[in-house]
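Across the two complexes that follow, chain A remains constant while its partner is chain B and subsequently chain C.
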Partner chain A sequence: MTLKVGDKHEAVVVENIQRTHIVKYAGASGDFNPLHHDDGIAKNLAGYPSVFAHGMLSMGLTGRMLTDWLGAASLQKYGVRFTKQVWPGDTLTAKGEVTDVKQEGGKQLVTVRVVTVNQNGESVVEGEAVAAV
Partner chain B sequence: MADEGSLITDEMRTTIGVRSEPSFYEVDKLSVRMFARSVGHVDPIYFDEEEAKKAGYRSLPCPPGYLGTPVYDPRTSDPTFGGRRGGARAPEPSRPLKRILNGGTEIEYFEDICAGDTLEASSYTSDIQERKGGIGDMLITTSKTEYKRKGDGKVVAIMTGTGIRY
Partner chain C sequence: MPDGYEFPVDRTQVMLFARAVGDINPAFCDPKDPATVANGGIVAPPTFVQCSAHWEPDYALDLTRPGRKQRAGGGGGLGRGLHAEQHYEYHHPFHPGDTLYATQKAGERWEKEGRRGGKLLFSESITEYRNQDDVLCVTARSVGVQTEKAVEQ
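And now, the complex of A and B:
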């Protein structure tokens, strides 16, 4: 695969995220913070409208767009900021755009700007990845 | 505005670079499959060891964002988050700050991480900055966690986390 600056890729990484998704992630990560699975605690103790997804779940979902596009073996750096919470019912689309390409050791070192948006077009994750493709 | 002085105390500065006790993270086939399933991967390299080996891995590789699951031990682990509990509490800034934001997470990868690996993680505060923003006083703490593969001691990944208190 040859990539150039400006190349884009996007994928819906979760549709209508449910508490079940969030609980699966809690089990996989070992993070059982009740804000992510107990609506009573999220509402009454913390004042949130409901539970919300772990930030790292959004990072993992966004990562799937990267490996599906650039290949699993290629990732050298992956960094994100969490810009908005993800709530049950949200649909997330992860978008990548190549911002830099360097030749290194017979491979392309590709920098990708990453933005994941919810169904209202609001970004929930923003970041950057570097992959050797 | 009167100068209120720095939020960052001398005691806070002495914590920079001081490494935590190590904690251990295991990567095994079950945990890779659970993580890959939880974020919706469908690539068989994350589920089928034969496919992973065909693709050049020792076993199932870690998907992006996954650096193993904390090895749970009721004697030392935090029951909610699974990682090591307690440890030295970070010193408080000179003025109280109530709220915390996750300012971001970055992972640098140096080696493939696959099922069968145990990672020894140690963390330290690498930087403390302060800023006055629209939300008032902000304290920005950068921490680094180095993940070494047990066995050969190679650093396989470094995670940088930014925490914002305000």
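And now, the complex of A and C:
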């Protein structure tokens, strides 16, 4: 695969996210913050409308777009900011765009701008990844 | 032996984690897949080291862990803490069968005024994951934020 600046890739990484997705991530990751599974605590103690997904679930789902596109073992760096919460019912589309390509050690070192948006087009995750492909 | 708490990389945990992030890439679960063979064995999804939390003594976000004392107030101090940023650098591959050792240190701390009033207190935590040969595999930098008010939508 040869990539050039401006190349794009996108994927729907979760459709209509359910509390069950969130609970599954809690179990796998070990992050049992009750804001992500206990509506009572999310609403009454913290003042949110409901539970919401772990930021790290959004980052993990977004990672799939990167590894499907660039290779499962290709990433050198991957970093994001969490820009908006993800609520049950949301659908997320992860988008990548190549912003820089360098040649290094017989490989392309590719920098990708990453944005994941919800069904309203609002970004939930924004960041950057570097991959050797 | 490297410093830090032990985090054995286990094939089942890699599979569970990959499923939890909606990923069925055979590179994360099928040892016979050509991609897996080319990668020198099963590799883990990019955010996998998060689940070292299961091995972290007194991990703050697992208050129901057996043997652990509950904090007062049910939700404890968890209600206002949010994850603001997460960054990884991947230095060296690791596979099931490897053992990682995680060391954590605090990074920068800073304050910002929220858009709707109320202070936002940011703090950085840096975790380094070294393998059994003391080779640095992953650096993880996490930025947390404590809010005075619930974040409005």
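Observations, loosely collected:
Here, the second predicted complex is superposed on the first by the 133 of 133 C-alpha atoms of A that agree within 3 Å, B and C clash if a C-alpha of one lies under 4 Å from a C-alpha of the other, contacts with A are read in each partner's own complex, and residues count from 1 in each chain.
In this section, a residue touches a chain if its C-beta (ideal position, glycine included) is under 8 Å from a C-beta of that chain, and two chains touch if they have at least 3 such contacts.
Keep in mind the model is a prediction, meaning the values are calculated, not measured.
Once chain A of one complex is fitted onto chain A of the other, the partner contacts of A:Pro49 are limited to chain C, with no touch recorded for chain B. The wider contact with chain A, measured as residues touched, comes from C rather than the other of chain B and chain C. By the touch criterion defined above, A:Asp68 lies against chain B and chain C together after alignment on the C-alpha atoms of chain A. Look at A:Asp100: by the touch rule set out above, it reaches neither chain B nor chain C.
Shared interface residues of chain A (contacting chain B in one complex, chain C in the other): 13-14, 21, 24-25, 27-34, 55-57, 59-61, 63-64, 66-68, 72-73, 75-82, 127. Put simply, chain A touches chain C in their complex at residues 13-14, 21, 24-25, 27-35, 41, 45-49, 54-57, 59-61, 63-64, 66-68, 72-73, 75-82, 84-85, 127.
Interface residues of chain A, counted against chain B in their complex, comprise 13-14, 21, 24-25, 27-34, 55-57, 59-61, 63-64, 66-68, 72-73, 75-82, 127. Chain B meets chain A in the complex at residues 31, 34-35, 37-41, 43, 45-46, 55-57, 61, 63-66, 69-70, 72, 79-83, 102-109, 112, 160.
By the touch criterion stated above, chain C contacts chain A in their complex at residues 13, 16-17, 19-23, 25, 27-28, 35, 39, 43, 45-47, 50-54, 56, 59, 61-64, 74-75, 78-90, 93, 141, 149-151, 153.
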